[in-house]
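First comes the structure, then the notes that go with it.
Which chain is which? They are A, B, C and D, in the order written, and residues in each are numbered from 1.
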Amino acid sequence: MVRIAVLGCGRIGRMHAENIAAHPRAELAGVFDVVDAAASSVAATLNATKFASAAEVFGSPEVDAVLIATSTPTHADFIEEAVAAGKPTLCEKPIDLSLARVAACADAIKGTTVPIMLGFVRRFDKGHSGVRQAIEAGQIGELHQVTITSRDPGMAPDAYIETSGGIFRDMTIHDFDMARFIVGEEFKTVNAVGARLVDPVLMERCDDYDTVTVVLTTASGKQCVISNSRRAVYGYDQRVEAFGSEGMAISENQSDGNTRLYAAAYTDQKAPLLNFFIERYAQAFSSEIDAFVEVVEKGAPVPVGFHDGQKALALAEAAILSVREGRPIALSEVE
Amino acid sequence: MVRIAVLGCGRIGRMHAENIAAHPRAELAGVFDVVDAAASSVAATLNATKFASAAEVFGSPEVDAVLIATSTPTHADFIEEAVAAGKPTLCEKPIDLSLARVAACADAIKGTTVPIMLGFVRRFDKGHSGVRQAIEAGQIGELHQVTITSRDPGMAPDAYIETSGGIFRDMTIHDFDMARFIVGEEFKTVNAVGARLVDPVLMERCDDYDTVTVVLTTASGKQCVISNSRRAVYGYDQRVEAFGSEGMAISENQSDGNTRLYAAAYTDQKAPLLNFFIERYAQAFSSEIDAFVEVVEKGAPVPVGFHDGQKALALAEAAILSVREGRPIALSEVE
Amino acid sequence: MVRIAVLGCGRIGRMHAENIAAHPRAELAGVFDVVDAAASSVAATLNATKFASAAEVFGSPEVDAVLIATSTPTHADFIEEAVAAGKPTLCEKPIDLSLARVAACADAIKGTTVPIMLGFVRRFDKGHSGVRQAIEAGQIGELHQVTITSRDPGMAPDAYIETSGGIFRDMTIHDFDMARFIVGEEFKTVNAVGARLVDPVLMERCDDYDTVTVVLTTASGKQCVISNSRRAVYGYDQRVEAFGSEGMAISENQSDGNTRLYAAAYTDQKAPLLNFFIERYAQAFSSEIDAFVEVVEKGAPVPVGFHDGQKALALAEAAILSVREGRPIALSEVE
Amino acid sequence: MVRIAVLGCGRIGRMHAENIAAHPRAELAGVFDVVDAAASSVAATLNATKFASAAEVFGSPEVDAVLIATSTPTHADFIEEAVAAGKPTLCEKPIDLSLARVAACADAIKGTTVPIMLGFVRRFDKGHSGVRQAIEAGQIGELHQVTITSRDPGMAPDAYIETSGGIFRDMTIHDFDMARFIVGEEFKTVNAVGARLVDPVLMERCDDYDTVTVVLTTASGKQCVISNSRRAVYGYDQRVEAFGSEGMAISENQSDGNTRLYAAAYTDQKAPLLNFFIERYAQAFSSEIDAFVEVVEKGAPVPVGFHDGQKALALAEAAILSVREGRPIALSEVE
């Protein structure tokens, strides 16, 4: 059994703790949160140890590996501590909102053999990874165009938006990683437009956007479009489409239960889409823990590494610059 | 050019006349209807000859072939006249409501080489015939089960229902023919249940049913289910499903235009189904004329013959008897 | 925490044990199996107590409730023991292959207040229960016709088939329960046909059928069709369709991952269907445990009771008689 | 009856001629083509007059209106002649490959009351226009993002590509018009990327692209993405998606016949998409003639005018400049 401790007992940390507890080859080594009540609640529900500090977690011989689900500003520090302590770590995205801090962290852990895995959970979604597998299996020939549609079901609370680092670093970052995962090749240019259509007042105040479109291109000419919105009233819209010389692969949205209704005014009506990431990506979050257990237990290669977190953030930086300056940005300008 | 005259200028006769007029290798030789105004209207719109009588049609050297879209009681007589006159004929279903009259007609035209084609239009639908083609191509292996769902969008007028010969002879008859077409083997037993759920008062008065389920079996054990209703509020529901040892083929319903809507309360909503047969089977009616022109022009084999009309009616008789007596009926009991 | 013990550690028992272990408000009180190795394996994997006998389970004060997943012939005995011991019980279907034994069991436990819940897991599937909810919410008006398509992905091992009690008692029984659940009204007549198309030799030897169609009717005229096959090569085909005066509700099949492929020869291609019940009904099995925990913990009404198991079996008996005698059977003939 | 003559008897001219001949309120006044054999063939098949010259067509009192389906370089001249002759005209797109020539033509016909309609046929597709109707009906609230996917089934012949004016003027121009139609607001900026992935040698030679992505924005911040490819092996891919504050409307691709196949290796497989525009937009081409007849017969407002052709071409110019200069282009730079 791999004994995994969870740092951070907010909504996502709690979900990870439950998945670890339910995993046949893992057990929940304990939890920690700066808000003691949050840690206590998870510890009680899952019958797990409550640690007094992060340091105690990293120092414990009862802890084989660590999952970091704390607030973003702590991620880079914890990754460095994990490497120092020799604890394989799965860290929620992003590594940090600052590319400079990420670079410093990269330097600090340079050459380490301690596995650091990044929580780009969507890579583990069967639909999305099915698209990648179709490409690798040659089922669509040479890849030409990728379309990623990614819309949240509703605006996060104002407080979250204000500190999120902006839509590109917080939301699109998942799609940047998905784009890299699907395309399997680095991007060369980033071309982004942004608008304030859902909540113009808040967006104006945060100098942020709620509606963005990004076009990425590779040196070989592959094109990838990302469409984001902070609010899709019909639910959490998550689609990936890959078009190639010999075909197309699509990862479609998923409904909850597959009941369809027909009436005098309509046919084929389904319920709104699964809502929100904890429900939509339930299988992916569970498979992510699987993959992490493989890494810790069997030394499997890290499927999504520190480097991937760094690359996604660089794409976000380039997108921000692109909107600000109204021109395409070469990725080399920000890296 | 094949010169085709149309007998009967009601809704379906008018539609056929238009399809003939629009056909590149056919022309409308003229029309006739006992209601002179109906014939005049079609003749004027399509710039066609108006015949004074059916006899005149059958006698005219300007008429190469005849399409019969008159009321049911005239069909058998006109078929006999067509054979006598040597005019290839496409006759709307059913041949007659009485098996005895059909048998007499069969005797009367026995041995003729004049092509008599029956208007089981659904055989020409690309979706339904696609299912048959999949079977013939071996794509689903040996056929085991067929499911036909066939529901009208709404009750026909009372007057029509009262003289239709009942749901089995009027509506299910299309599905009996479809069942024979898909299965490609004769049925041995008919097992039917009927209910009065849509308009119990009218059904009681007509000793008819508005909601029926029929199970047909062949000597080799193949099973076919037909589900009928006189009223599907969401439109004209027309589906065929064939299940076999190596797969399944489904002919799905068709929407008008393929627009799908997503809103806070639902996703994937489409418009009601195409409504009614003239719209839903527009392609099939047009292809039916194509096939008839092939028969007349090139002596192609008749794709749906008199025999098929007779068989479908026998199945209807057996279904009526099955409901009345509450037991499965061997087809041999009615033939 | 509700402490639930599991009797029977075969494939389904193991799955239930895992679901109990993973349930936030339940814990696995222990397991028992006559095959000691099976029990040991589950006990080790899930870190659970291994009981020495069923009697020990029923006698243990550490056991709040029992889940019975042993072989069918033991079910009725264990239910009686559970009632005697006052342990709320969730028992896999069927209660017994003999209606007489079921009736005796019913007598034996008559008047008990100990909750006995039957494992008709499909009632807990979100898609299927969504259809029932649509009916209850009046979204399709008065119910007229129900179509249940239910096909296994492949033949069970010969040994299983030989002792299963036949397709109606083993496989269709789920659909009989689904039919009762969806219709919400008892059936009056059963009309079944059976064929030997998948494995004629085995079926002949067992006097069984691998391909069956059943038509059920209620006193009010509602019609329900069940189509079963022992082998659908494209996966586990599980669909429910309810048609009513104001609309239709359909529970569609579910694919694994929702990836669709397009190539020169086809479009919209998906993977085969989820395979088999443990995967397809994963959500339902988990929700079933939820429901059982509600029953034990809070005294919630039993959602599927002993009576439902008895009714489903009576429908199976009637279907067997219908095929044997080639006629519709009134349910009153077998009850 | 509206008497319409057709100039140009290539594939598209012939199709228009057939639609006119089949239209209940129109008749084919005659045809003309510089290649006499082409005109003769259509005239013979449709039993129509063959004109000796375009001038004869414009001068004929037997011609109420004209449809121009000749090669692109003749369009502007014929439009000017049509206006001079007072003949309402439906002209295939584009007006000309040169914005300057289009502007000159606009000057030449300035103030005319002769209706000039442009053949942006996709506006008449029920699926695409259904999206626009949903927007107008307020069903998706305020429009935020539009995604147009538009891919040809295969490369046109080299000779066509070489004289087409490039992908933006020849192929994307339809999507530019669709974007304007769906959005209902003028675009302000055009941002395009192009690649040579399908046939790099030919594209290099023609200084053209076979794979392009275009992002359009309006002053109010609406975003529209167009994805084009010269070759989609699975057929003619034509989709439109509109996302707004209260929902989403999608116009899906259409299959031919709606047969779906299930086998051991897959489910839900459909045939390749309808191929090519004459099949896919058959309904739209027919409805386009309808609309033109309304214009000529009843003086209905022109649904797609000269101005729309001019605007679409300006967007194409801006896209070409955007790819060439690697920057977003304000539409004001090219107009």
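Just so we're on the same page, contacts are C-beta pairs under 8 Å (C-beta built on N, C-alpha and C of every residue); 3 or more make two chains touch, one makes a residue touch a chain.
Since we're looking at a predicted model, the values are computed, not measured.
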Contacts common to chain A and chain D (chain labels): B, C
Of all the other chains, whose mean CA position lies farthest from chain C? D
I'd like to verify one number: the distance from the centre of chain B to the centre of chain D, where each centre is the average of its C-alpha atoms, in whole angstrom. 39
What is the distance in Å between the mean C-alpha positions of chain C and chain D? 56
Where chain D touches two or more other chains simultaneously, the residues are 232-234, 246-248, 253, 260-264, 271
Within their complex, state which residues of chain C touch chain B. 141-142, 144-145, 147, 149, 151, 189, 191, 193, 195-198, 211-213, 215, 217, 221-223, 225, 227, 229, 231-234, 237, 243, 245-248, 326-328
Sites on chain A touched by chain C in the complex: 18, 21-22, 24, 45-46, 125-127, 129-131, 134, 139-140, 246-254, 256-264, 271
Residue positions on chain B within touch of chain A in the complex are 232-235, 253, 255, 260-273
